[in-house]
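Think of it as A, B, C, D and E in the order they're written, each chain with its own count starting at 1.
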Amino acid sequence: MQDRIREILSWYGSDNPGTLTNLARLLNHGALGGTGKLVILPVDQGVEHGPGRSFAPNPPAYDPRYHFELAIDAGLSAYAAPLGFLEASARDYAGDLPLILKLNNRENLHSDADPTQSLTGSIAAALRLGCVGIGYTVYPGSALRQEMYEKLQVLAEEAKRYGLVVVVWSYPRGTDLSKEGETALDVTAYAAQIAAQLGAHVIKVKPPTAHIEQDEARKAYADVSAGTLAECVSHVVQSAFNGRRVVIFSGGPAKGEEEIIEEITGIRDGGGFGSIIGRNAFQRERGQALDLLQRIVGIYADKQ
Amino acid sequence: MQDRIREILSWYGSDNPGTLTNLARLLNHGALGGTGKLVILPVDQGVEHGPGRSFAPNPPAYDPRYHFELAIDAGLSAYAAPLGFLEASARDYAGDLPLILKLNNRENLHSDADPTQSLTGSIAAALRLGCVGIGYTVYPGSALRQEMYEKLQVLAEEAKRYGLVVVVWSYPRGTDLSKEGETALDVTAYAAQIAAQLGAHVIKVKPPTAHIEQDEARKAYADVSAGTLAECVSHVVQSAFNGRRVVIFSGGPAKGEEEIIEEITGIRDGGGFGSIIGRNAFQRERGQALDLLQRIVGIYADKQ
Amino acid sequence: MQDRIREILSWYGSDNPGTLTNLARLLNHGALGGTGKLVILPVDQGVEHGPGRSFAPNPPAYDPRYHFELAIDAGLSAYAAPLGFLEASARDYAGDLPLILKLNNRENLHSDADPTQSLTGSIAAALRLGCVGIGYTVYPGSALRQEMYEKLQVLAEEAKRYGLVVVVWSYPRGTDLSKEGETALDVTAYAAQIAAQLGAHVIKVKPPTAHIEQDEARKAYADVSAGTLAECVSHVVQSAFNGRRVVIFSGGPAKGEEEIIEEITGIRDGGGFGSIIGRNAFQRERGQALDLLQRIVGIYADKQ
Amino acid sequence: MQDRIREILSWYGSDNPGTLTNLARLLNHGALGGTGKLVILPVDQGVEHGPGRSFAPNPPAYDPRYHFELAIDAGLSAYAAPLGFLEASARDYAGDLPLILKLNNRENLHSDADPTQSLTGSIAAALRLGCVGIGYTVYPGSALRQEMYEKLQVLAEEAKRYGLVVVVWSYPRGTDLSKEGETALDVTAYAAQIAAQLGAHVIKVKPPTAHIEQDEARKAYADVSAGTLAECVSHVVQSAFNGRRVVIFSGGPAKGEEEIIEEITGIRDGGGFGSIIGRNAFQRERGQALDLLQRIVGIYADKQ
Amino acid sequence: MQDRIREILSWYGSDNPGTLTNLARLLNHGALGGTGKLVILPVDQGVEHGPGRSFAPNPPAYDPRYHFELAIDAGLSAYAAPLGFLEASARDYAGDLPLILKLNNRENLHSDADPTQSLTGSIAAALRLGCVGIGYTVYPGSALRQEMYEKLQVLAEEAKRYGLVVVVWSYPRGTDLSKEGETALDVTAYAAQIAAQLGAHVIKVKPPTAHIEQDEARKAYADVSAGTLAECVSHVVQSAFNGRRVVIFSGGPAKGEEEIIEEITGIRDGGGFGSIIGRNAFQRERGQALDLLQRIVGIYADKQ
């Protein structure tokens, strides 16, 4: 095994060898295997935004097999999805790539100023489907965040007993945060810290902006460099145990390829561990998606 | 076994042979057995609307035996009802037709802008009554939907371990949806997707209209054909894992026979897997109901 | 449903509709479906006698798929086998015929004057494999019989809660019984009674001879007619709750076709409910086996 | 309720009202209802001696319904039988008379110098069959008695939690007892005491003889009157908590009617609470059995 | 994934995707990954024979890290060992190779004509150590075999629920078998069949000889070719569900390299799926062991 992977595993000294084994599987798979970088395909937009908004731009993506094959053919590190999508094809692709069962989800047919998510999967399901880990979203800042944290606590403790990896999506939301504040530097760093303190092995946040949301944080951030995305990312990684937790960044809404490449480059330069690219992958025509993912993987592979 | 049934079973690769066996029983029973199409009789209106509104139009239907016999004599695929109706006659008709225990229900003696349902049955009851599966309603869009999803997650995981089929009624409702929106194309497709992602084997939705409810979905639906019911149904089936989940359509409120026949024809032409016909069956005089059901079954049988 | 099946179900008034449903499935399947007679294919000889002795006479029988297909093609009522054989193909033939998981087995690499069997399956396995029931062997007369009865009590209670049928193989053996005594009339009747009292729904015994084994029973049997196999069978059926339990008879060691046909005829004439034919089926070349099974089924079909 | 029944209930002060309710059902049922006396029909000979020896003398008794009807028509207090016989007809006669599920049984196809019995029923089965109580045999003196006591301990504790009555058959047997000793006065009294100490509510022993089996007991018995059966019975009743436990006596092997009547009279005169009459009832032709049982009931009714 | 691996997975239709995933990991790892062949390093001799007999011939093997590294450096498919050896280094080599926790073991400080093994591990331990499966030994023919089978039944059901692979060592032993009989053709085939029927995914037996042990099997084996090791192996593979279970062969006692190579060649030519080589690997000096293992792997790689 590459030294870098062994080094990353060494950060998780309270986890059992089972969890380290699954973390190693995640870090050793695909085109970035062994580099300490990773790119994951997440497809929970069917629940989050509905099938039309998610898949009509590229209709083959209605089929659950499409996403397994996209992730495999693009050499990605893992595929993360809700119960139904994994159940639909886990037997057909068993052993082909690491799977992450997204345990909670939220549909947007009802608007909630202070949102939460519902449990739609379980540790038992993750094990019977052969997943390397579970995924779970928290909304720091939501009035309902505490119930989210408490459910995660129970699930993560159970996951770790069975040797699974815990991946936490940490997305600040809620009535006390401005829209801009959801990706503010102080808030994103805060979100990464919360996920790390909740016991996440892998943390997913949104790419931070230089905006500072909290008045009480402004003084502390006076000397934090935030001139570039790379500097902002660097602070977020620092905020997750000084770089001793794997922090990856979401791709966000669909956008142009060059814009994406620029963002990925910034994440890499700031020491981000990788990306989790959903809509920007599966909403493109398959050939274009594979080209884009190859470029992204190439950026992360450049610099170890 | 017919190739079409074996093909449908192949979509459920994460389920055990027990669940596949019960799914095969459902798909092989009655006049449509072996075609891959199915028509189910559901009778939960006693709880939903009260006995007078439900059964006074056809008083023999007050008797629980009536519905078993109607489903048997019409050659339907299965009979779905709440605990009491099944307990009342499951012994008398044991082995005569597949049963589905509707696990949650809602009475309308209290109005709720954001409705939910109550658990009125259990996996243990489904097994002791000899059911092939469980039925469960979710209300996507309701403020209380998340608790509904979480209870379903626990029940479905247990049901699958014991080899039962999971049938999900997915009916959008709630304060953020207009009345017209409850059957909008985007919303119905969304409801089908949610049920599929929650791990449903069989999904029941209402026949969709061409209306688009969500502003943010309008762009995605610009290129989705919705000129006919068949086209709308086709999109809903596509939205349930590209046709790799069994999607059936409710009959809705009582209406004229020709109107029903036209609707069923549209569902069939759009690739729907069948219908679940309650009030339009049991609120008609028995002879008329049998005639109507025979016509419906005939339509589905025409085209495999 | 045929009246005869409804009549048989009426004997099991303490069972829930789930068990009645599975019993109905067993009695309604195959060429004898609806007659109240049944012929089951059991294949546990791989464990009982080893693979060479069992399958070398007809090598295709080494393959687990062979037995599923033999039972299906011969129109038999069910297929009974240990865990491994069912696990090997239950998915491939899901829904094609009723399965019975044989829960205990015995290999003969060690001789035991007072034998017992080992649990090699569970109720959980029976449910996940989609079985209609469980099979369990007791050895009345063995010094170890009591442990066998007690394990059966626990398993049968659990099976009935989940709606499964309990089939008991009741084979007298042990140091106090002579070889001839194992199939004596008094002993076979006793074995049938024990299985019935233990709560079996279906009882499998060996065809009885006219021999009386127990001195203390000789007086009681002075007036019991035992001149023919039919008369002996009639007493055994009477001994199982006066004919109110389904009693079927094993085929025993491989033998000539006419000898088998004569025995089957005697069982039928005595009111036996059917046969469970293993070695005489799968150790014959497939074409011959199908011919023989067709004749056997024909005999049972003649007389209801 | 009769004062006598209230008085008897008062002896069971550690039992919950549920158990007292079931005990009252037992004591208030049938021709002896309210007298504090009881006559029970037990039918476990099918297992104990085989069906031929048990039922060939009166063939209608092969049918499980026969015994329910005999007990009902004779106005008996209860019917006690193993699982199979109760399961066969408990639904048909539900509510017609108190049932006692005999939880352990022994077949005699293997001889054991130190016998034991097998559990063939459970508390769960007793509850689902609507029994007022459980029956359980112990063999004081058998080398295997301790396992029997320990199983009873667990079952009785569970039975009492669920409000069931515990009836203990206490039959001394084993290699250290002579045949005559099994019904010796000291041994029978000892057996009654053991059952009482094990927590039995109702105790069944064999009618005692005046024989003293144990040398070490001889001195103590020098002054115990044992000239008549009544005197012997009186000592046994005294030995069961000075008459504050219900002690009933078995009828033993089939014998002449006058012999039976004399024995019953002795039991009554000695203060016995009643009889449990199996073979002497069901092995007689039905008319004769009803006559005999009427006489027996009459004897107990004479004297309160 | 290679077609051959997908084909092998297709034989396990009753297993969940989790178990298939771990089976794929086993079959895709190391120098033979993707070929459908495998070579496993087992080190349980420390318990079986004591450390001196096991490790003194090659003292570095006292160190638990030695075996992990030997298996990794030789490109083997997996490493199997008891709890202690895996616990000692599973963290250090997490992710480096598939591990199998040997769940039962036997030390030889007490001689037993009818041996058994003790549970020294658990499913929970296998999961926390990151194993792909469990190993379990049965001794067909031992008087204590039945308890071994029953424990395996419970463990295998649990292992399969959690997605683990079940590897069964099936080694006939006991008072009714001669020493020569333990590896007789009929007995080895029997052992393979028993393991398959018990639900094993991978079966380990000893290389069979042409000897026939059981008189009653002699006739059946008259036409079974047994002239070469390849022919004998072919029959054993046939005996494990006609080649539809993975059967591998132990290396047995230490011996000369050419003798080993000849044996491996015979196993391969007979259609064996691979070898499990313990003493012949770790009791050789490391350089020699690597050379030997490379030759063995080469033989299996030659012919798919």
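Everything below uses one rule, namely that a contact is a pair of C-beta atoms (placed from the backbone, for glycine too) under 8 Å apart; a residue touches a chain by one contact, two chains touch by 3 or more.
Because the structure is a prediction, the values reported are computed rather than measured.
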What chain is the most remote from subunit E, judged by the mean position of CA atoms in each chain? D
Is the C-beta contact count larger for B-E or for A-B? A-B
Centroid-based (C-alpha) most distant chain relative to subunit B: D
Would you mind pulling out the distance in Å between where the CA atoms of subunit B average out and where those of subunit D do? 56
In whole angstrom, how far does the Cα centroid of subunit B sit from the Cα centroid of subunit E? 50
Distance between subunit C and subunit D based on Cα centroids, please, to the nearest Å. 36
For subunit E, what residues touch not just one other chain but two or more? 13-14, 16-17
For the protein chains shown, what form does their contact graph take: line, ring, star, complete or other? other
Can you identify all of the chain pairs that touch? A-B, A-E, B-C, B-E, C-D, C-E
Residue numbers of subunit C touching subunit B in their complex, please. 1, 5, 9, 16-25, 28, 90-91, 94-96, 124, 127-131, 161-163
Residue numbers on subunit B that touch subunit E, as the complex places them: 13-14, 16-17
Which part of subunit E faces subunit C closely enough to touch in the complex? 11-15, 114, 140-143, 145-147, 149-150, 153-154, 157, 172, 174-177, 185-187, 189-190, 192-194, 196-200, 214, 216-217, 220-221, 223-224, 235, 238-239, 241-242, 244-245
Quick check: in the complex, which residue numbers of subunit A touch subunit B? 46-47, 49-53, 55-57, 59, 62-64, 82-92, 105-107, 109-112, 116-122, 124-125, 128-129
